[in-house]
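Below you'll find the structure, written out as structure tokens, and then a few comments.
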């Protein structure tokens, strides 16, 4: 007897056509429970990065941290949280000679976009400079990081990580910069690309957002008046904070015992380049991002799609969990009943065995069960949020066909993705992007479905209530707001 | 500065009003990939028990196993699977004196219902008896296990586990039983309660189901003709097997190199006592249980609820993920739009910190985000599958109210749960069951909602296409198919 | 370039010609620090078994334990000791209905002689019988264990371990035995072989030694008057106990709140069969075993060897650490200077890589460095305690020769080992014993040394101050005090 | 009943009066088995540092490493060695454009003397500089490290470790240095203190020793002609290498595919400051250090002590294991018999519980058993290598007295230690050094012994066959070869 059965195995990434997420950050100043609130905030941002997590606390002029690879709850165990909390809440200022106890916490959850997955890359980065410790947590990608690394290495600086973020530390450590009247601003002026970041100093937190506004960053207030910062509003919600406003593109907000202050290190770029993909895929549906609730955006993408690409069918069915809101919008707009007939296995994220290409079918079967009692002899509209590589979608369509569907109409709630992102989204390489290589008709044929339609670029921007000019839609158009091939020369800035 | 903020923490159980699940079993005879297929089967049954898992393989007259605490993918790592596979596929029968290589695999995923969570309780139990090794995997609860333990201990037998299942092993080990013409049947005739089980012998697998038919157990056929058994059809689907039929109440099916054979150890009880809660909550929606697809049952429970308890509202909203199918049914039946406005955090299952009662609100907030942009000033119908303790549901309702809903109408797709289960479901104790202590109106008041309705007992059974007599509905009625207070006396059976 | 250099690797066992040790036991009744004293006692008995360790504590009518694989300090970590101590010292007898708080501790350190190295074999074995829990810790080997296992399995008993010790539990659990007036004695009368053991009941400890007296077992008194038992006097010394006397062959001593009592379950066998190898190799040199200090025995073995087998040489050199005492005795008796020229690596015990035969030389070189500045052009007498396989000794001799010794005279402080042990010592199999297969002259030739002499049988017994008849010297003579081929038939004893 | 018994617990350090050891290094160029040979070398140097270990391999222009906390065998598991070996032996030079495959390995075993015990301090340090990777392994302490750290931080350099060694990396990374004709020499000229080190470049290894010659460093040749470097000759012995010579003070030796070359970066200091304590305590007795075998030095220290401080007694007894060689020398010189009566527990090194001062007696009892049958009513001479704090020695003496010795005469084979070391030995602080605070008579009184004598400074140097001027004896005299209070100013060197 031979081993004829292919071994069906999988992991989450391999059966997903979705891009990989990047990072989330949180910051809290002076709240007695800041360590635990930071944990909650990171937990709520877990969808922005599952590879590593960490919290850093400033207290009595020093900085300590707990960091590691894995999910927030794996890394920040009760014991480790307690250790950090003890450190944070120990007040040495009662000694007559010491200043008042200043304290703050920042946190980071990471999916590596630039920089490998090594331990040394786990954020917040904590470094000791000549005049004291700092910690940095950063969401986004710089396009001139490599140029700076080359330049600084040539000057004798030693880099320990492969992350963009370490460049910022080296720039901050330079004596001219340190001695300038605003070191944070001077450092940020040397950066090009996407960055929403928080820097923990011994006496304050500085939060900043790049002039293009690529990634979100919001400010809130805890019930006791302490300020808090997070990548998304859901994190502030979970901490029990009230949302105040977004950090603006080009703005630095300082959190300290003197309260909140704001200044600009650059003018906002006009037009802005806010990432539309945060609404399409990244951000938590419960978050309000760039002033608009994400779940409602997705319902409206679906409704718009129903207007643009109607089709007669027995019911609308979402690809769980990603297509659910858009499918709702499509169904309610079209009047076609909404039913779910694909059952996801909630444990698949924890599977580990790598599939070969042949095993993909088995892998998909393990992740999703199509209920044939629902789809048999039915005309179904399948709604999903995006298609990146297409391989997994194809397997899913095959399953639905095998379960007996008579017609399959696929509707995707964003335009075809044709170009890579250089600002924090880890899509596949261009040649792996199915829409980079194939027309919509070719993709339909590849998927083996009866019709396939994508949301139009205009339709998408209509939903965003905005002009194209305010959003980065480079992944759909190939038109980048900053030319990734031409980073700024690394010149020492005036202040530098 | 005092620590005024309560620390919001949680675990999955603590914020769920759902009962705990029990166990799932799989078995495969003589397939070369049986170890990996067993792994896939268990993976698909993960929802039936997340506490421990294991596989046992019979090969060359011996039995080996891999077992441990945790999820299937944590316990059955690639290394351990490979070790077991090597063992299973090593054929020593080429030696001239040895018989043909007979081999099979059984597996188990466990949530402890009886028996603590100790390592020794992890199944399959593997034991060496005088005439060889056996392994057992069992889903269900016996009501006469303690009586047998007392009796057998008095005779000098030593018990190493606190599980019901070990009783079966001791009964099987007794010389009279072993020497009877049908030891498995003789043993099963001594048991009372719920049991769907598989026994791995060196030369065969025997699968049996109690005469009342409490728990499901299905037979399938792999593409190469090898037989397979599982608790639910989804497990057979994932293995790539074709469903043949259910194991019948009172039946023993033997899988061996001689093919399949069937016999009865008892007549089916009339009326049967199939667990209706498998359809309400337990089973995977993609499974066909007791002859009917579970997802469709749940849609129909929702539709029936819309007929029984209509209400005017802006939209129907499911409690994710448990209420989604019933909410679909309710919406499509009533014509009221379906929208989702509660966003679950997919990572909460991994959280570990135990909440105090006061922290429950924060815990619920971490698990679920209500999107106020959706519910504000709206009349919403919330559909869920069941209410056990009610504490979590209350917090969820409070969140929805705080998000601005103008009216909240709760619809539950089963009747009130008033009595504990002795046949494999770990509800709370009676005084923890909210419907044991309160009327529907009192529960509505406790939840702080505008209306609350449960599906009627008749409505539920109508959906099941059956007479009440064919299902155990004791948790809703208090009428038990076997009196748990009066187990059979432990007499040695005729064959014993 | 080829990989010409053999990879030199090793483990401790592989470069040792020594037999493997068996087990050590301790017991303490009612001392408030019994858990920590038990830990210290086990620590002092670590040389008797490095594979696993455990402590069991009886308290309030129940028994709890901490056990695991590894060294005493690896298994019994501070956390685990504290847990067990909390359990042991928690007094529930203040409740009006409960009896006075009775409590005791037993411990075991193990090298497996019979029974594999599985977790289930780790002692103390803890079992629940019909009338309560017991724990057993046992040093020695039974020769009728397999016969009893066969018999009891046939009766339907289920064995979970492969150790001899479980037989005792099954015999104790039998109702007739339990109901006899002295269950411990009735059980022990069914055993044949070597056993020094302690049994922990809820209200007492019983310590017993087989009628042949194979293995040591001593009784002591702690400063507060609490009684303590251990395999060797060093363990009692470390606990701070005063040595009282040996447990006698055939005696049971009971430790309870009523004080010490003694009774016999059998007459001592005449002649006794005390293991002479405890003095040659096993026991800690600081212990007094069978009434005589072990280090002094070893010095005298060396002195006797100097009388029997003198040789002219530049100095006497011990094989560290095993030959040091005998080399001292030899040097002081002969007047030849004592020098150490072989330096042991104290970390080798932790090495793990298995050597192939060719790598043995490199392995030995890593374990021992011969100082050529000492041995070059010198006639050296090398003294060691025993030779089992000879392979390692050969490599060591080669090293000494390569370091430049002009003559090598080997003196071994016991007779040639020609037969296996069935009473607790894990020598190699007979054909691996070099003296089973070769004459002394052949061994000398194999070792490549100038002369080789063993201590005579008479000389050894002279040192023991005793007749041959009082010691088991079967490994040197092949004459066994009980025929291992003819165990007693398994008949139910009178009381049974 | 109260808890009257103190809990006797201990760790190795706490019951030792010995100083802590520092570090050992190894290096091998181009041998195919260099990774495994490096492992063996480190294993043989384990006595020089038990806190952390690591190997770094250069191959194909890159450097990879395996490092961690713990013993060599804990850190460098077979899996990790294999990974590093695969990396080291993978030859990418067959590609037409790549240069010949150059490869080498360096290793380090560490006890932290300066720099905490953090993971980032584990050596070899591996860093990427502008023109490629380097790794450094260093034995010794710099006295101007902190001055350089201050200076370099001020210039904007970021330090990640607290070790002296990182200073070297930053100096090497500076462009002027890198661009000098001999960067290694230019860097070394900036250092002051003790350093024996090996630097792994992509195309060579450079080994250097400070101009004072504080720490040993030896060069050897493997059977295939490959060069090897190690801190001590035992490491070369274990690798199977032939000893060639010491690296000279002020010398740099380069190992590359072009063979060995030597040059000086500084003139040797006259007088040299070779550490005499390597002979007294540190080095492995089997090593030849500074041209003389260590074990023979120790025998001679003992013999010299017998000449200087004779006493009538029944026997000479070593403090195991440290005093054995000197006790041998004393006994053979004096003609008084040598006997061992103190039995060490070989497992104590693995104990972990920290003793309080009161528990020290129990701790010592667990570590050492004095055999009263040997010492009772005897006049004993106890020989040990050194006394640092004296607390442990006092407990040992008390034990010997309690075991019945009628007279105790203590002889120490080095002079009293009165001053701390700044060149790599971690003694206690000055006020913890018993001889810093007490006269010899006061120490004798403190120890409670009948006589106490130390080896004279002259006697020690006589044994070393040398003038005082060639050795650093600052710990005995307080006269430091370099003033630790006055490090060189941090000026950029000519080449810098």
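Quick notes
As written, the chain order gives the labels A, B, C and D, with residue 1 at the start of each chain.
FYI, a contact is a pair of C-beta atoms (placed from the backbone, for glycine too) under 8 Å apart; a residue touches a chain by one contact, two chains touch by 3 or more.
Source: prediction; values computed, not measured.
The set of chains touching chain C and also touching chain D is empty.
Farthest from chain B, judged by the mean position of CA atoms in each chain, is D. With centres taken as mean Cα positions, chain D sits 50 Å from chain A. As a whole-number value, the distance joining the C-alpha centres of chain A and chain B reads 37 Å. Between the Cα centres of chain B and chain D there is a gap of 62 Å. Of all residues in chain A, none touches 2 or more other chains. Taken together, the touching pairs link the chains into one ring where each has two partners.
Annotation, chain-chain contacts: A-B, A-D, B-C, C-D (touch as defined at the top).
Only residues 127-130, 153-160, 169-170, 173-175, 178 of chain D touch chain A when the two sit together in their complex.
Per the touch definition, chain D reaches chain C in the complex via residues 1-5, 7-9, 31-33, 36-37, 40, 43-44, 46-47, 71-74, 77-78, 222-224, 234, 237-238, 240, 284-286, 288, 293, 295-296, 299, 321, 324-325, 328, 331-332, 337-341, 343, 345-347, 349-353, 362, 365-366, 369-371, 373-374.
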